[in-house]
C-alpha cells in the first residue's frame, strides 16, 4: 500500500501538474514584473551583484513572454487582449532596457525604464484584478 | 527467551566486539520424536532476501553466484558459539575468519583504499 | 530436517480438522550452555504484539474497548506441532485443547 | 563541564541545522501567498519535532540503540526494508535539493548557473565526510549556519504585526486557493518534521556515548534548540509575508527568494541570504548524507562511525560516497531544485507514519526503555501531529495535482 503510494505519487506529479488558470497566469505576470522592480530597487542601492541583477531581469522578461503568450492564446472574456498585449510588450521592452543598462553599469540611464516600470506594474495589477473580479 | 523478539535481526559481534552483521535467519532441526533445537545462526544475503519474497531470494543467490567476493553460500554459525544474548549477540569466533567481513574487506580493497586519504596508508 | 525459523513466521497453522488456527508469530525457546531448545510456538494475531513487545500501548486500549479477543494468543507446545511440511504446519491436537497465554 | 559545552553545541546545532532549503522555500512560499496565515503549520511541526528529537536522544541514551537498530530488531527485516526504501528515497531527494540550494546560493553570487556547481559542491561535501570527524561536521557546519539568524533580525526590523501573527498560530481557513493552502501546510510540516534529523541525532548520541545522565540535557537541547529552529522558520515566513505579499511576488524561483531580505537589511540582505542558503544547505547536505549512510549501516549491522577512517568502515564510507555522487547527477542535468524541494517536503509528510509509527511503538517498549518509556503526553502529541500531516497530505497532494 505505502510502497505503491511512494511510486504512484511522484509519477503522477511528474506526468502532469495542473495547468494554471488565466487568473493565476496574470498573478504570475504581476509577480514577475514586481520581481524585476524589486531587483532594480536593490541594484540601484548597490546591494546586489550586476550579474545576478541582469540574469534576474532577463529571467523576468522571459517568464513574461512565456506566460503572456499563454494568456493571449486563451484570454479570459473580461480581458482587453489588445491593451494587454501592448502593455506586455512595453513592459518587456522596459525590462530588457534595464538589463542592458545593468550590463553597462549605467545607473543614470537605468533610472528611466526602472521608473516607468512602476506604471506598468500598476497596469498589470489592474489586469489581474479585473480578471479576478470577472471570474 | 523469545526467539524472534530476542534473537532474530539482532546485531552480532565477535570475540573482539567487531560487528559482523545481523542475524538473517535461524536454522532449527526438527525430528519425528525429539524436541526441536535451534542449531545455527545464519548470516547472508540470500537468506535475508528470501524473507522479502522467494523470488527476490532466488535472484539474490543467482547474482551472488555471478559476482561478489569470497564464499558463495550463507554463513552458518553453530549455536554452541553463542556466548551471550543481550543487547547484542556475542559469538565466540572471529568475524574475519568465518567470512562475515568479506564485503567489508572487498570494498575496502577495491574501492575505498584506492581513494586518497582513506586512512589505509597509516597502518601499513 | 532443517527448518528456517525466519520463514516459519507468518505461516498459517491448521488444526486436525484442517481449519486455520492462526499464524506462527513467535517461538519460545529454552537456552542453556550450548543448546537452544524450542519449547512452544505462539500463534494468533496478538502474538505479534508479544513479538513487538507492544503490550504497554495495546493493553490500555484493549481494556478500554473491552476487546478481550485481543488477548487471544495460543501457546502450542512443541509436542503438539507437526512441522513435517514447514510450509504447512499442522496441529496434532484439536483446537479446543489449545491453551491461552496472558 | 563537558555536558555544558555539549548543551551549547547542541543548541547551536539545532539553530544551524534546522533551517535548510526545505524550510526556507516552503516558508517563503507560504508567506508570499498567504501572509501570516500558515504560521500554525510551523508551530505544529516544530512542536512535533521537539518531541521526536527528545525521544530519539532518549532511546539512544537508555538503550544504546539508534532508531534504525531498534526498528530492524523489533520489526524484522521485511518491514525494515519498506521503511528503508521510503526513508532513503525521500532523503535522497532532500539531498538533491540541498546540493541544489548550495549551487543556487553560489549562482546568485557569481552569476554562473547551479548545474555547473553540482559536481564541485558534491565533491566538497564528500571531502568533508571523508576527512572530517563527527564533531567537526556537527559543530563546524552548524556554527556557520548561525548566519541564518539574519532572518530573525530581518523579521524584527520589519516590525511585524504581532497580534495578527499570534492569531495565525491557530489554524484558520484561507480566502484564496484552498488546495494550494493545504499543500503548503503539508510541505511546511514535512520540512519541519524531517525524519533524517532524528536518525542523525540518535546516531550522534551514540557517537558521543550518551548514557542516562544525559536525559535532562537531551530534553533541554531538544526543547530549546528546536524552538530556536522553529523561530527561524517563522522568521522566514514573516519576512516573506512582509516583503513579497504586498508586492505580489510569488516565490517560484530561487532568484526571487534571494530578494527576501533586501528591504529589511538593505546593505547586507542579499549576501546574508546567499550565505545563509549556502551554509545551511551545506550543513543539511552533510546531515542527510550521514543519515543515509547510518541507515544502511545500522540496519544491516555493519561497522559505522564518522570518527574512524573510511578504510575501517568501508561499507559505510561506500554508501555516502555513492549517494553524494548520485545526487549530483540530476542537478547536472538542470533539474529544478525548488521543485524537488517542494515535492520531497510534501512526500515527507505523506510518509511520516511509515517512519514515526514504529518509532512510537519502540518508545513504549519496556525492554528497550524500562522506566524511561514515553509518557502519555509524548505519545499523544506525536500521534496527533502525524495523523494531521498524513491526512492533510493524502487530501491535498492529489488536489494540488489535479487542481482543486
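Note that the chains take the letters A, B, C and D in the order they are written out, and that residue 1 is the start of every chain.
FYI, a residue touches a chain if its C-beta (ideal position, glycine included) is under 8 Å from a C-beta of that chain, and two chains touch if they have at least 3 such contacts.
These figures come from a predicted structure and were not determined experimentally.
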item: Geometric centre: closest chain by C-alpha means; value: D
item: Interface with more contacting C-beta pairs, comparing B-D to C-D; value: B-D
item: Rounded Å distance, subunit B centre to subunit D centre (Cα mean); value: 34
item: Cα-centroid distance, subunit C relative to subunit D, in whole angstrom; value: 42
item: Mean-CA-position distance for subunit B and subunit A (Å); value: 60
item: Where subunit A and subunit D are represented by their mean Cα positions, the distance between them in whole Å; value: 31
item: Of all residues in subunit D, the ones touching two or more other chains; value: 74, 76-77, 367
item: Shared-contact residues (touching 2 or more other chains) in subunit C; value: 6, 9, 52-53
item: Shared interface positions of subunit A, touching two or more other chains; value: none
item: Interchain contacts, given as pairs of chains that touch; value: A-D, B-C, B-D, C-D
item: Subunit D partner contacts - residues on subunit C that touch it in the complex; value: 6, 9, 52-54, 56-57
item: Residues on subunit D engaged by subunit A in the complex (per definition of touch); value: 82, 85-86, 89, 108-111, 247-250, 252-253, 255-256, 258-259, 262, 266-270, 343, 347, 350-351, 353-354, 397-398, 400-403
item: Residues of subunit C defined as touching subunit B within the complex; value: 1-9, 25-31, 34-38, 50-53, 78, 83-84, 86
item: Subunit D residues within the subunit C interface of the complex; value: 74-77, 360-361, 364-367, 373, 379
item: Subunit C-facing residues of subunit B, complex; value: 1-5, 8, 24-32, 35-39, 42, 47, 50-51, 79-80, 82, 85
